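Per-chain residue numbering starts at 1, and chain names A, B and C are given in the order in which the chains are listed.
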Amino acid sequence: MSGTLPTSEAPPSAESTVLSTRELSVLSKQRSILTHVNIDFAPRSLTAVIGPSGCGKTTFVRTLNRMVELTPGLSVEGSVNYLGQDIYGRGIDPVLVRRRIGMVFQRPTVFPMSIFENAAFGLRIIHESEDEIDKAVTEALQRSGLWDEVKDDLNRSAFSLSGGQQQRLCIARALAVRPRVLLLDEPTSALDPMASQRVEATMRGLKEEIVLVLVTHNVGQAARVSDRVAFLHAGNLVEVGPTAEILERPREALTQQFVTGRFS
Amino acid sequence: MSSTPVPGVTGDREPLPSPSSSAARPRPPVGWRRRIWRLVPYVPALVPAAIVVAIAATLVVASGLHNFGLGFFGLAFNSNLNQFGMLVFIVGSFLTAVPALFLSMAIGLGIAIASTTYLPPFLAKIFDPFVDLLAGIPSVVYGIWAFLVIAPIFGNLLNPWAVAHLSFIPGFAGNSVSPTTAGVGLPISIFVLTLMSLPITTLLIRDALRSVPRDLWESGLALGATRWEVVRRVSLRHGSRGIWSAAFLGFGRAIGETVAVAMVIGSTDKLPTNVYDVTWTMSSFMFQTLDAAFGNSLYLAALAELALVLLVITLAVNLLGRRLVRHIYAEEVAGL
Amino acid sequence: MATAVGSAVRLDPSDDLRRGDTGWLRWRTGFDRWMGVLLPLLFGVAILPILDVVYYISAKAVPTLSWSVLTSYADYQAQDALGVPIVTTFLFMLAATAIAVALGLFGGIATAEFLPERAAGWVRMSANLLAGMPSVIVGYFGYFAFVIYFGWGLNFIAGVFTLAFFMTPYIFRTADLAFSSIPRPIREAAYGSGAKPVQYILRVGTPIAFPQILTGVFLAMAIGVGETAPIILTVQPGLLVPNTLFQPAVYMTYLIWTGFSQPANSVALTLAFQAAFLIIIAVLALNIVVRFVAARYRKRLEGLYQ
């Protein structure tokens, strides 16, 4: 029941970090999946997380909104800090964490409802008023670039949309609750090139507003949309920095090998 | 499965000419033979269908499709006077099966949600078979247990309590002492039917919930919803076909249940006057009066016609329920 | 809270992860937790009756059972003697199962192996419809068809065939499922090496599918042993084990049906409890065997999936 929802932020400040991790490790019974990851995410940026398959990118991003807890047998050490609070701290409800840190999955996962109800889902469960829901849904659909394509009939079933449109609906759905961070786990891997382009355009737009963390196996995509790139290998954060640096002049040999396609 | 071409049956093999066949012997064209062979597997495959048809046909013949007139759906039943009003039994069937269905669906939903969402997997694996075990207990065993153990509880405890506290609800007032044995009547029959249809409703709802893809479920949680909210708003909607199927098949089970109900329904050919009263259902009435009808051809015809009514209801409900579910056989587990 | 990030970011109440919008959040989380407690308790609705049924019947029957009771062929209407019902039920089961297998096995295999999808769908629907028939209707069919029209009278053979028709769809479904779930690679390998369908079924399919079909037969028997209506409506109870097919015969469930409302300590009620107990034992035993066979079958099939 929030009276004022955040609109555009004040001019960026160098010290402000919306999300960061400190010594973040994830361990299963047999091995460690992530080891001592330290990374900061600045307010209006898109950080691409790249690395070979199995390096832990998906696990990493799932620790950022406590979705990693859904996988049995994993333990999380270290901290993930959202606006100065460790989201794994005592007394912190993951339900609230996930409202501030949203997620979009690999395949479009629209609910069996109308377009409007999909987007409104996150607001309905917090019992927002109809007016607020209306406004927020419209805004979210606009931010995700889907508005013009669906505004004529929002009561259509979400399944009547194409794959790319459904994925943008998922983005809109996540945006409707006004998160500060949006996690995207390979959001275009199930889409055709045209649809992927639309989603990338959406991401480029959103990174002016919120924090985006994009897991991608497509280095080209990272080059196209991201401000910073983080390279993970075997659970270790090998290198992180501005996109141009990492992709063209990486400091680590491993990074160099990966971005030039020696291994994937 | 049968989509891969089956050599031999759709055969393209010519019969090998026998050595001394140079003399022309009239041979049937190969195509004709092939077509016959292709039909052979249908013979055993159609056995269940044939039995169903045989059952329907037998009942039709037995009833002679007698025109008992509208009185067939009336209240007056007296075999001596050739009055065969079956309304009491039809009403009785619905009065017991419908509440039982509601209860069974509600409990089945709860158990299925608990099993798929709230219980840790190892616990769910332990508890789930218990519900299936319910289906393994024969109807007549349920009946004797219900009659001797549960009926007194209803008669001495639950029914009087309801009369004392719930009589403001229409039908709950009045005499709760049944004219026959303590506790028999509608409430305990509903209880028994709920238990007996629970396995099929729970199993089908559980299957429906399990069919929700993992990332759909996680998408819900990732939006800041609680487990309950995702189940209620997403999972149940996704599995709605399976849940409807559970309702239809559960109802079919409840209305067809015969022996256990016969033992606790009170077996009276009168409409119940309140919710505690005794009455009769189609299936239990048919079961219990067949031998009284021996030799009375009109009586037998009437009973056969009632059987046809029950058959039609059962077939309709089962057809509808099965069309909704995509699996071949929803209950491969224990022949529910 | 604002101090954490300075004035750079305007904060929303829900940014405070510790308290957030306590109003709804507490309620929603609380409700979810309640459901996590209440819903699993509903399992009790299923578990308690099962336990109570088994306990009650066992408690009533076991003290009265003895070897002599089980083997006595005396008149069960006058005294506690289960010999005749046990043996007769056994004969019923044997005969009915044999007929049910004959009727259902080949159809199930044929459906899995030969029928095109659409036809298979209809055939399976018919099997499901038959399985969903109320037992009283099958009993009525047996009465009119076998007892009256075939003229077999209220004798053993009528009950055997009625029960067999009742059990057929379960065997049918299991055979169909067993053959349908043979891994495709195996099937294709067999046909690829030139096997004819019958050869495939006999040499490859049956050995693989056999355990599953066996479990299906046992499950069908577990269902059949507890059935009442199909037998009672078609067979007159007899005091002797039938020698020929055209004699009265008694079934275990008959004892329960006739004895359940008799006075306590009467022979009939005692027999009812004992019969119920034996039936539960039989069903339990069959289910245990099924699980055992199914486990071994799964192990065997895992090897096939290499």
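The definition used in the following text is that contacts are C-beta pairs under 8 Å (C-beta built on N, C-alpha and C of every residue); 3 or more make two chains touch, one makes a residue touch a chain.
Since the model is a prediction, treat every value here as computed from it, not as a measurement.
Greatest Cα centroid separation from subunit B: this falls to A. For the interfaces B-C and A-B, the C-beta contact count is higher for B-C.
With centres set at the average Cα position, the gap from subunit A to subunit B is 48 Å.
Computed from the mean C-alpha positions, the centre of subunit B lies at a distance of 14 Å from the centre of subunit C. In subunit C, the residues that reach two or more other chains under the touch definition are 28-29.
Counting partner chains per residue, subunit B has residues 226, 229 touching two or more of them. Residue numbers of subunit A whose C-beta contacts span two or more other chains: 95-97, 99, 125-126. Residues 121, 213, 215-216, 218-226, 229, 233-234, 237-238 of subunit B touch subunit A in their complex. On subunit A, the positions that touch subunit B within their shared complex are 65, 67, 70, 72, 95-99, 102-103, 105-107, 109, 111-113, 121-122, 124-126, 170, 173-174, 177.
The touching residues of subunit A, counted against subunit C in their complex, run 1-7, 9-13, 15-18, 43, 82-85, 87, 89, 91-93, 95-97, 99-100, 125-127, 178, 180. Here subunit C touches subunit A in the complex through residues 1, 4-18, 20-21, 23-25, 28-29, going by the rule given at the top. Taken together, the subunit C residues at the contact with subunit B in this complex read 28-29, 31-32, 35-36, 38-40, 42-43, 45-47, 49-50, 52-53, 56-57, 103-104, 106-107, 109-117, 119-120, 122-141, 143-145, 148-149, 165, 168-170, 172-174, 176-177, 180, 187-188, 191, 194, 196-198, 216, 219-220, 222-223, 225-229, 232-233, 253, 256-257, 260-261, 272-273, 276, 279-280, 283-284, 287.
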